[in-house]
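Next, two complexes with chain A in common: one pairs it with chain B, the other with chain C.
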Partner chain A sequence: MIQNKYSFIALIIFLFVGPFLFPNATITEMLIFGIVAISTNIMLGYTGMLSFGQALFFGTSAYISGLMLLGGFPLFLAIPVATLGSFIISLFVGYFCVKREGLYFICLTFAFNQMFYFIAYVWTEVTGGEDGLVGVERPTYIDSQLTFYIFTAIMFLLAVLALYKIVTSPLGLIFKLIRENASRAEAIGYNVRYYKLISFSIASTFTGLAGSLYVLIHSMVPIDQIHWLKSGDIIFMTLFGGVGSFLGPLIGVVGYIWLSDTFSIIWARWPLIMGVIFAIVVLYFRGGMSELLENLFKKYKAISRKTEHEQDIKNTKLN
Partner chain B sequence: MTFLIISQILNGLGLGMLYALVGVGLTLILGVLNIPNFAHGVLYALGAYFAYTIAKITGSFYFAMFLSPLLVVLVGFILESQGVRRLYHAHHDYQLLFLFACALIIQEIIIIFWGPIGFSLLAPPSLSGAIDLGFLIYPKYRLVLICFAFFMIICLYLFLTKTNLGAILRAGIENRDMVKVLGINVNMVFLYTFGLGAYLAGLAGALSAPIMGLTPSMGLDILPICFVVVVVAGLGSIPGAIIAGILIGLSQGAATIWFPEATNVVIYVMMGLTIIFRPQGLFGVR
Partner chain C sequence: MKVSFLYGLRLKMTTIFFSILFSISSSLSLSDTVNILGLFPFSGPYADSGKLTDQGARIALEEVNYTINGKKIKYVTRDSETKAGPAARRAQEAIDTEGVKFIIGPWSSGVALAVTEVAKKNKVMYYFSGGTEDISGKKCHKYAFMWAANAWTAMDADLKIFKKANPNAKKIYLFVVDYAFGWTLQKYVESLAPKYGLEVVGVDRHPLGHREYSTFITKAMSKNPDAVYMINFGLDAISAVRQLNNFGFTPKKPVIMSWSSGFEELIQLDPAARENLIVGSNYYYTIDNPDNKKFVEAYKKKFKGVPPGYAGAAGYGLMKMTLLGMQKSGSTEPQKVITALEEHKGKNFVGDFEIRGRNHQTVRPFFVLQTKKKNDMKNEYDMAEVVDVSSTEQPKNINMCEDIGSF
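Moving on to the complex of A and B:
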């Protein structure tokens, strides 16, 4: 609990300092993918389901909100409709996916992702096909960099608080129970499949919310936002940050976006470097950055406690 | 019209044979090692690119077809022994993610070595041109491809059912722990399985090169199709993967006749129908 307090303070500080550290497009992208990673972690870290199809919800919702904005609807209608849309799709896709476990679940989410990709690819009149959906304009009241940042930050905070409420509620405990021992959960009387579907839908709906905001950054939806490689990126961000803690994935997002921005300027083949980092994280740092930081923190505490202790001994000797 | 239909069905059959080869490779790895091999697509692409380079250097198409899948096996061995094996004690999600990372790395290496532009590998003079079947004039290479892939599938079937190692692999799919208990070196089995899967992927890639050409994204494009093959077949069923691969190829061929723009969507429609009417897959038991 205390650790959570610290990390929330750190989060608030980050929200104030972030805009001075990164360009506007980068920091808003970090916050948006922050929602994605933290919500994906509900499914991956808390419930223990690896879905390889999160880009489906991100992309679809970005398309819905982009199309609504193009159609002249106000933003405050576009975001809820897009989020609701990804909720409904997540119930539909999730219904088929949670029927199966483990590997089959991964294969199914992956294949569904590609199914929606090809729908977006073929349906050129609506989605713009390979060129993506272009020409979406930001409403005038969030047109400046500052107002857009404040808007994204507020959406981000609201989403994070909602997710935190879910994780700390009894529902969150059931998710953890399913991760630890699904058959025991079943034996106690929980309908595991039903709760898996809930977990899947929560993650996907918030991912959809993030997708509906994403369209505002560059005023367009590139088609690769719905490609399965994006799903891989989302998993990587979450894992890079660490699935062990609530806010851990956010560290992964900040790290991932910062690294990919930096490398993409230096070398056109930057995904190679990201792949190598990914492999190293999987091989050696499965806890991600947050565990690494936590260990450092613990070590620091242990050292300071040790010096305190030595000080105490010295003091007693003097007396 | 009948010519068109027959030739499209033959085209679909050829595609389906390729899908069956990659699909079986993926099924083997999935069944024995319990990981969806996300590097399968790039192994397929490597097969094609190796074949291209070997054919360019030696000038022999047949030698390229022979050697390039073996080189892919080598890559598969490295992936398994250096990466996947270290992760056996971890959850198998991490093996999957490791292979995904490898897929990204190999994908970029392909672009670095061969450039972002596509190539075409021409079939040798003895296999190019068309053949008159009496009722239809059809490209010779595609026909040879169908026969050869069919021959490879028969070989694979005989290997899996008639040899000792094949029996061990099948037993590994049925019950991995029991194989371990019977005193079989599981690490070796895993290595061979991964190698065999990589061989099939590489072979399919090399065979596909004269038909579909080489593009850096070919590995990323084939991977979802492999997964659809596995889902339609039912997890871990080898005959299922063969039949599902051929069915998907045929349906793509048929879609080319009537809805040319929907050729890529039709495979997902097939998957959708399968999971609605037969959620365990055509040949799945679990």
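Moving on to the complex of A and C:
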């Protein structure tokens, strides 16, 4: 509990300090993908379901939101409708996907992702196809980079609080139970498939919420945001941050975007470095960057406690 | 009361001090340097071309010794990954942190349209080259320019020159990559073919990244066309050419690579496989003028004697055009540079050109090459010769740029 309190204080500080550490567009994108990664972790880390189809919800919602804004609908209608759209699609897609487990579940999510990608690819009149959906204007009240950041930060905070409420509720415990032992959960009366569908829908709906915000960053929806490679990026970011803690995936998002942007300036073959880092994290820090930071924090505390103790002994001797 | 007044005063003084310091440093950096961004694919599917494009741009900068109008040029690069999302983010980041005022960057239409939105929003000039006509078409705006020849101009040139070289030809068969740009080119070819006495006897569309063409080839051969006209690019085109050669279509009959990088694609084909190809391209290194010879020499020095292809030329061309605007306007402010470029007529390493003010299209030559037989090649890079050039402008009534808008 105390640890969570510290984490949330750190999160609030990060929201205030972030715009001074990173360019505005970058930090805004970090928060948007932060929602995606934290919500994906509900499914991946808490329920133990690996989906390669999250870009489906991210992209679809971005398209819905973008099209509504282009059609003259207000933002405060576009975001809920796009999120609701993701929720409905997630129920449909999830219904089929949760019928299978493990590798087959992954394959199904991947297949649905590609299906939606090809719809977006060939439905040029609506989605812009290969060129993406362009020309989406931000409403004037969030037109400046700072106001848009504040808006995104508020949405991010609300989403994080809602997700936190879910994982700390009895529902969150059921998700964990399914992850640990699905057969036992079934045996004591839980409908595992039903709860898996709920977990899938929660993750996908919040991913959709993030997608509806993403369209506003650069006033467009690029087609690659619905490609399965984006789903891969989402998994990478979540694992990189760590699936073992609630806010760990956010660290993964910040680390991934910051490292890729930094390394890409230094060396043209930067994906190689990212690959090595990812391999090291997977091999030696199974809990991701959050585990690494936690260990460092614990070590620091132990050292400072030891120093304090030695100082106390010294003072006692002097007295 | 006194304390709070003094505290307030100190706070105000501090604010004023930092504001002055900030504005001085900002104005110093603004007056001293001009920042240009090269947004190229250093990773992703076009990773091989990113470095070449970058080097082309650097040659143009070396020619002016990295200075323009008495200012130093700070040239920065970012990796577009050929993905619209990261490209737009990095363009925005470079504008925010490096104070970039000019962006150059070729290739993908998706990337171009994302970056063009960033350029418009930030009032930054963007010069693009690649496979889309929207930059000077339906998505045109005051801050974006297109360097590559218009798609209509290219298709017109290919058909015109093919017919000139093969006066008896009557039938062509189309292989078309199945996405928006492919469809646009197909539409143009179908509308232009009758003008040159040609009939499109069949069309096969294939997805991007397609490698197996045998079914299309047998279908095409059954229609007995005088040429296969390909509207596909990169490895798709290379694979199709190889297989057309295996099936014996070439060298007996010609294959037209309608929108090609030229050098980069031809070098990947065996001399036997590339016999009797007609290749439409925005650049070929044998263009015969002093400016091009100078560029080719500089490029060869950097790349151990390998001449430039479209990638290097695009980097060079985009940077040259940006610098030209600065020289002509005597300014490094995007709006003044843009105004100076509009309706500019000139001559550079690709030949005579004009920049249309109404849609920001560079009206310039499009080159049509004929590949050489192995025995006619003087060296390994002597793969083709420029047989004709065309710069017929796209008719105004079919250009989709209705209103370029204002600053």
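What we mean here is this: the second predicted complex is superposed on the first by the 300 of 319 C-alpha atoms of A that agree within 3 Å, B and C clash if a C-alpha of one lies under 4 Å from a C-alpha of the other, contacts with A are read in each partner's own complex, and residues count from 1 in each chain.
One rule holds in what follows: a residue touches a chain if its C-beta (ideal position, glycine included) is under 8 Å from a C-beta of that chain, and two chains touch if they have at least 3 such contacts.
None of these values were measured; they are calculated from a predicted model.
Chemist: Overlaying the two complexes on chain A, which is it for chain B and chain C: clash or fit?
Modeler: clash
Chemist: Looking at A:154, would you say it contacts chain B, chain C, both, or neither? Reply first, second, both or neither.
Modeler: The answer is neither, since A:154 touches no partner chain.
Chemist: Return first, second, both or neither, reflecting whether A:269 touches chain B, chain C, both chains, or no partner chain.
Modeler: both
Chemist: Between chain B and chain C, whom does A:77 touch in the aligned arrangement: first, second, both, or neither?
Modeler: Neither partner.
Chemist: For A:303, using the defined touch cut-off, is the partner it touches chain B, chain C, both, or neither? Pick first, second, both or neither.
Modeler: neither
Chemist: Does chain B (first) or chain C (second) touch A:121, or do both, or does neither?
Modeler: In the superposed model, A:121 contacts both chain B and chain C.
Chemist: Taking the superposition as given, does A:279 touch the first partner, chain B, the second, chain C, both, or neither?
Modeler: Touch status of A:279: first partner only.
Chemist: Touching A:104, do we find chain B (first), chain C (second), both, or neither?
Modeler: first
Chemist: Between chain B and chain C, whom does A:228 touch in the aligned arrangement: first, second, both, or neither?
Modeler: In the superposed model, A:228 contacts chain B only, not chain C.
Chemist: Examine A:219 and indicate which partner it touches, taking first as chain B and second as chain C; both and neither are also allowed.
Modeler: second
Chemist: Based on the superposition described at the top, state which of 117-125, 171-179, 243-251 or 369-377 belonging to chain C clashes with chain B.
Modeler: 243-251
Chemist: Let me check the overlay on chain A: which residues of chain A are in contact with chain B and also with chain C?
Modeler: After superposing on chain A, chain A residues 121-122, 269, 271 contact both chain B and chain C.
Chemist: Touching chain A in the complex: which residues of chain B?
Modeler: Those in contact with chain A are residues 30, 34-36, 38, 83, 86-87, 90, 92-94, 96-98, 100-105, 107-109, 111-112, 220, 223-224, 227-228, 230-231, 235, 261-262, 264-265, 268, 271-272, 275-276, 279.
Chemist: Help me check something: in the complex, which residues belonging to chain A touch chain C?
Modeler: 23-26, 29, 121-122, 124, 128-132, 134-135, 145, 217-220, 222-225, 260-261, 264-265, 268-271
Chemist: Where on chain A does chain B make contact in their complex?
Modeler: 50, 96, 99-100, 103-104, 106-108, 110-111, 113-115, 118-119, 121-122, 228-229, 232, 235-236, 239, 269, 271-272, 274-276, 278-279, 282-283, 286
Chemist: Looking at the complex, which residues from chain C come into contact with chain A?
Modeler: Where chain C meets chain A, its residues are 42-43, 47, 50-51, 76-79, 81, 83-86, 88-90, 92-93, 96-97, 109-110, 113-114, 116-118, 121, 132, 134, 139, 178-181, 183.
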